[in-house]
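Two complexes follow with subunit A in common, the first pairing it with subunit B and the second with subunit C.
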Partner chain A sequence: MRLALRELRRRPGRFGVATAILTLIAVLLTFLGGLLDGLEAGSTGAYRAQQGDLIVFADGAQTSLVRSRIEPEVRAQVEDAVPDGAVGGLGSAQLGGRLEGRGPRDLVGTVVFGYELAPRGLPDEPPGPGEVYADDSLRSEGVEEGTVIQLGPARTELTVVGFTSDAKYSGQGTLWGSVDTWRQVLGENRPSAAVGEGTVQALVVAVPDGADPADVAEAIDEATGGATETLTIAEAIDALPGLAQQRQTFSQIIGVTVLIAIVVVALFFALITVERTALYGVLKALGARSATLFGGVLLQAVLVTLVALAIGVGAALLLDAVIPAGSLPFAVTSGRLLSSAAALLFAAAVGAAFSLRRVLRVDPASAIGGGA
Partner chain B sequence: MQLALREMRRAKTRFGLLIAAVALLVFLILAQQAIQTGLITSFVGALREQSAPVIVYSTDGQRALQGSIVPPPLEAQIRGVEGAAAAGRIGQGTFTVRVEGDDDLSDAAIIGAEDRSVGGIEEVDEGRPVERPGEAVGSTGDFEIGDRVQVVAVGVAGAGEGPVLEVVGLVRGAQIQVTPTLFTTWDDHVAATQTVNPEAPTVLPNAIGLRPEDGITAAELAARVNDLTEEADALTRDEAAREAPGVAQVQQSFQIIFLLFALVVPLVTGLFFLIITFQKSASLTLLRAIGIRGGALVRSLLVQVVVVIGGGLVLGTLLYLPLTRVEVGSLVLRFDGAAVGVWSALLLVLGLLSALVAARRVLKIDPYEATVGGGAR
Partner chain C sequence: MSPSAPALRMEGVRKVYPVGDDEVVALDRVDLTIGADEVVALVGPSGSGKTTLCSIAGALLTPTDGVVEVGGTDITGLSPKQLTEFRRDSVGFVFQTVNLVPFLTARENLLVVDELGARRGRAARDRADQLLEELGLADRADQLPSELSGGQKQRVAIGRALMNEPELVLFDEPTSALDSKLGEQVMELIRHEMKERGTAAIVVTHDERMTRFADRTVHIVDGRLDDEDGRVDEGEDVTAERPSGAR
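Presenting the complex of A and B:
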């Protein structure tokens, strides 16, 4: 082990190229992971912010908020099904917003949400008519407390009275107001999607303490005679259009990248082991065990990978800091960094293991001319 | 040359491993290129395939067809623009549908065009274009000719049956928003919208399709509309596809991934040949000492690089080939010969450049070292 460490210290240049390649792979892994997390965070924030446990959609809406309609009669049935829980309406409308001082074609993408059960970070009582809380991603667009945003072709004016965080939806900043404000915005700007008094797109349900959300969801759908499709928040997130495919595609790319890391480590340490065959013969003749020699290879692989990871993680953090808000969906999370690190260390260990056979095959007799 | 190839034959595992690594990287790059193209086609293929050379959104729509609403005064302004030979309403909505014979409900984007020649589908890959209400052209892979697709009303008490559209034609790469897409008449689009929302007072067009008069280009007509009013956002067909929300972001993200992979390939190759050169330094010194010129040794090295990268490219392309015959989720991946050509050339050049470090080391070998054993160092 000491020998392996000393070699790393004395001849760092020998490991330089392998470190450079692994660093690139580490950057790739963290970048791919950051991209996936950024895309997910930008699509799911509004659902993740919900403090309720369930979202009730109209059956047949394919869990799409804009296609779902819950009318007052169905809502009453849902409320009856959870007498000790809390039920609140939810509605959304995706519209371009105009800000004072910006060009007539320079619009900000927003999604207006009407809520009754307060999401995380918002007061229990929704703001008054024409007032909204804004997701703090909109700050980068110049939105401040007191900013008036003119929404949609009807230029419906909404005043920002505060901010909430991590509540993006469909990749856009959100505005949170009362359900009445949402109905007004929808009716004025999307006449073909306008809804009547009492109608919402979905219901958020907070189940009573101790109740199993899955059981309550079943009870709700039963109580409405199948007119609803009730999902837990996690299920609703998974059901967002394209999210599962996005995860699958990125996971496959990340998987193949890890495979390439295994090949790179295997290639590099296999060559280094070939180069050291004579040296290993001498060491074995002096009594060194194969396990010790392989341990040295493994240690070097892990250390080289750790250096690459440190640079890769640093690059990801730097990228996260320098990417202008809204330009690229990129988010760095500790969980993702840890899983990327674990994947690369696993790749290093597996890659180095390819050298094990060569180390075991080294004959101590080769040290005294017995043939390697 | 012979020596280079003989060395490769003798050390099959060593060179095989490298060829495998390069092949994997090539496969990954080509697969991602196909995914990027497939993803963008699924996002905006419908815009590329529709017939209107110019699409006019409302500025508020932010270049998203479903997000744009063209109110009557704006529509009148657009229709009145000088140089337009034809204008027609285009509407789009995403609906829950039931395909006759299927128990499950599914999603479909329905694009209705008032005039098939400005916003509909004129040329189909199978079947025929829409000729009357109740007919639709579907995106290939999502529908079959003869399918009867009914729009389903969701959560609306007292809603009637939705319109039934019969698929009479198919067109490839014509999805919008990664959703199975049907092109139909404006009337059917209105009927579908009113089925899912009977409370809707009116159904306004999402965009207006324009065809320029002879002698006027689509870009000129779009510029005229944009000069007319700031409420309108007119784009040529290509611009509408290129500048749809999300397309630039997808391209940007993939470009960074491509760049990183493009760097990994030459680095892996360069590393390999550098190590090989280190290992062979004694033999190379000896060869130099018996009169083989440095240039000949470098040529051998470059032959090996070309064989390795070439082998990797061939294997990677062979791995990529079956991928382009399957569907990944709702994405249709296609074999892109141009992408294979461009990446092959690029990776070959980068691979050869990466071998320059090893070549420099070969050229620096001093034949004299053979007499003092220095080459073995």
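Presenting the complex of A and C:
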């Protein structure tokens, strides 16, 4: 082991190429992870911000807010099904927003939400008519407290009275107001989709303490006679269009990247082991065990990978720090960094393991005879 | 080691390698006894079995038949793991080619032996310094092999072989890479160090001129030993007859 450490310290150049390639891979891994998390955060924020446990969609809406309509009668059935829980309406409308001082075609993509059960970071009582809280990603568009946004073709004016965070939806900044404000915006800008008094797109349900959300969801759908499709928040997030595919695609790219790391480590240390065959023969003749020699290879692979990881993680944190909020879907989470590190260390161990057989096969007797 | 035990005792040692359906006999009924501080030169042409003999004596290989004792310990039936430990503790090696660990200083090359086994720390460092001093390398202790001359490297290798205070040191062509003057100096040094420590040695060489530094020369031809007078063993009856040790 000490031998392996001394070699790293005295001949760092020998490990330079492997360190450089692994560093690039580590940077790629952390960036891919950051992008995936950023994209996911950008499309799921509005759901993740919900403090309820369930979302009730109309049956046949395919768990899409836009297609879903919950009429007052159905809502009453839902409320009856969870007498001890809390039920609140939710509505959304995707509209382009115009900001003062910007051209008429310079639209900011926004999603207006009307809520009754307050999501995280918003007051229990929704703001008054025409007033909204904005997701702080909209700050990068110049939105401030007091900014008036003109929404949609009807240029419905909404005034920003405060901010919330991490509440994006569909990659767009969100505006949170009362359900009445949402109905007004929808009616003026999407007359064909306008809804009557008491109608919402979906219901957010907070189940009573100790109740199993899945059981409650089943009870709700039963109580409405199949007029609703109730999902937990996590299920609703997974059901968002494109999210699963996006995850899958990124996971595959990340998987291939880890595979490449395994190949890099395996090739590099196989080469080094071949170069060391004679030295290993001498050391084995002197009494070194194969386990000690392989332990050295493993230690070197892990240390080289740790250096690469330190640089990769540093680069990800730096990128996260320098990009303005909302400009790039990039999020650094400790969980992602840890899993990237674990994946790369796993690759190092597996890659190094390819040299095990070669180390075992070195015959100490080969040290004697010197080719004679 | 018991005080009276020879450094090496080989009795009826055979080594047979399978080659396809055939067998190649690398060593054939070898009897060899080496006294506690005896320096024996082992001379033979390529393929004569001197490497195999050295490997078996050095616990690198196990014989097909026969008994091998090093310093009174029977190593014939030891497992590979036990052989590894035995080599680490009781045998010294000086190899012909790749020798020193290139990225370690002279002192560290000596300490490798300690690091591979149960570490003795301070005592090992003291021993390494003492050996380097005795080998005239005290001022070279912190230099890498690439900064040492051929003779100095060989002296470091000898120091390494002596680190574990072995019963037996095997020298594999220690002078083949050196010119004859330097070769003689190294042989003289080997003899001196062995005699001073009372350690036995087998020096494999193809250079007859170097044999004068040995107490005894053993020739090996086609896997069979030949004594100083050039008499080749004649098979079955030699075990009883042969003056296998230089008593």
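List of remarks:
Assume the second predicted complex is superposed on the first by the 365 of 372 C-alpha atoms of A that agree within 3 Å, B and C clash if a C-alpha of one lies under 4 Å from a C-alpha of the other, contacts with A are read in each partner's own complex, and residues count from 1 in each chain.
The rule is short, and it goes like this: a contact is a pair of C-beta atoms (placed from the backbone, for glycine too) under 8 Å apart; a residue touches a chain by one contact, two chains touch by 3 or more.
The model shown is predicted, which means the values in this text are computed figures rather than measured ones.
With the two structures aligned on subunit A, subunit B fits next to subunit C without clashing. In the superposition on chain A, contact of A:Pro364 is made with subunit C only, not with subunit B.
By the touch criterion defined above, A:Leu35 reaches subunit B but does not reach subunit C. In the superposed model, A:Gln94 makes contact with subunit B only, not with subunit C.
By the touch criterion defined above, A:Leu283 reaches subunit C but does not reach subunit B.
Judged by the number of subunit A residues each one touches, B leads among subunit B and subunit C. By the touch criterion stated above, A:Arg190 is placed in contact with subunit B alone, subunit C being left untouched.
Computed from Cα centres after superposition, the angle at subunit A between subunit B and subunit C reads 90 degrees (steps of 10).
Between subunit B and subunit C in the chain A overlay, the least Cα distance found is 9 Å.
Counting contacts by the rule stated earlier, no residue of subunit A appears in both its interface with subunit B and its interface with subunit C.
Interface residues of subunit A, counted against subunit B in their complex, comprise 17-18, 20-21, 24-25, 27-28, 31-32, 35, 58-62, 64, 66-71, 73-74, 94-96, 104-105, 107, 109, 152-153, 171, 189-196, 227, 241-242, 245, 248-249, 253, 256-257, 259-260, 263-264, 266-268, 270-272, 274-275, 327-329. For subunit B in complex with subunit A, the residues that touch the partner chain are 14, 17-18, 20-21, 24-25, 27-28, 32, 35, 58-62, 67, 69, 71, 93-96, 105-107, 152-157, 177-179, 193, 196-197, 199-204, 230-231, 233, 245-246, 249, 252-253, 256-257, 260-261, 263-264, 267-268, 270-272, 274-276, 278-279, 328-331. Subunit A contributes residues 2-3, 6-7, 10-11, 278-279, 281-289, 292, 364-365, 367-372 to its touches with subunit C in the complex.
Subunit C contributes residues 46, 51, 54-55, 58, 60-61, 81, 84-85, 87-89, 93, 95-99, 101, 103-104, 108, 112-113, 115-117, 160, 164, 170, 172-173, 176 to its touches with subunit A in the complex.
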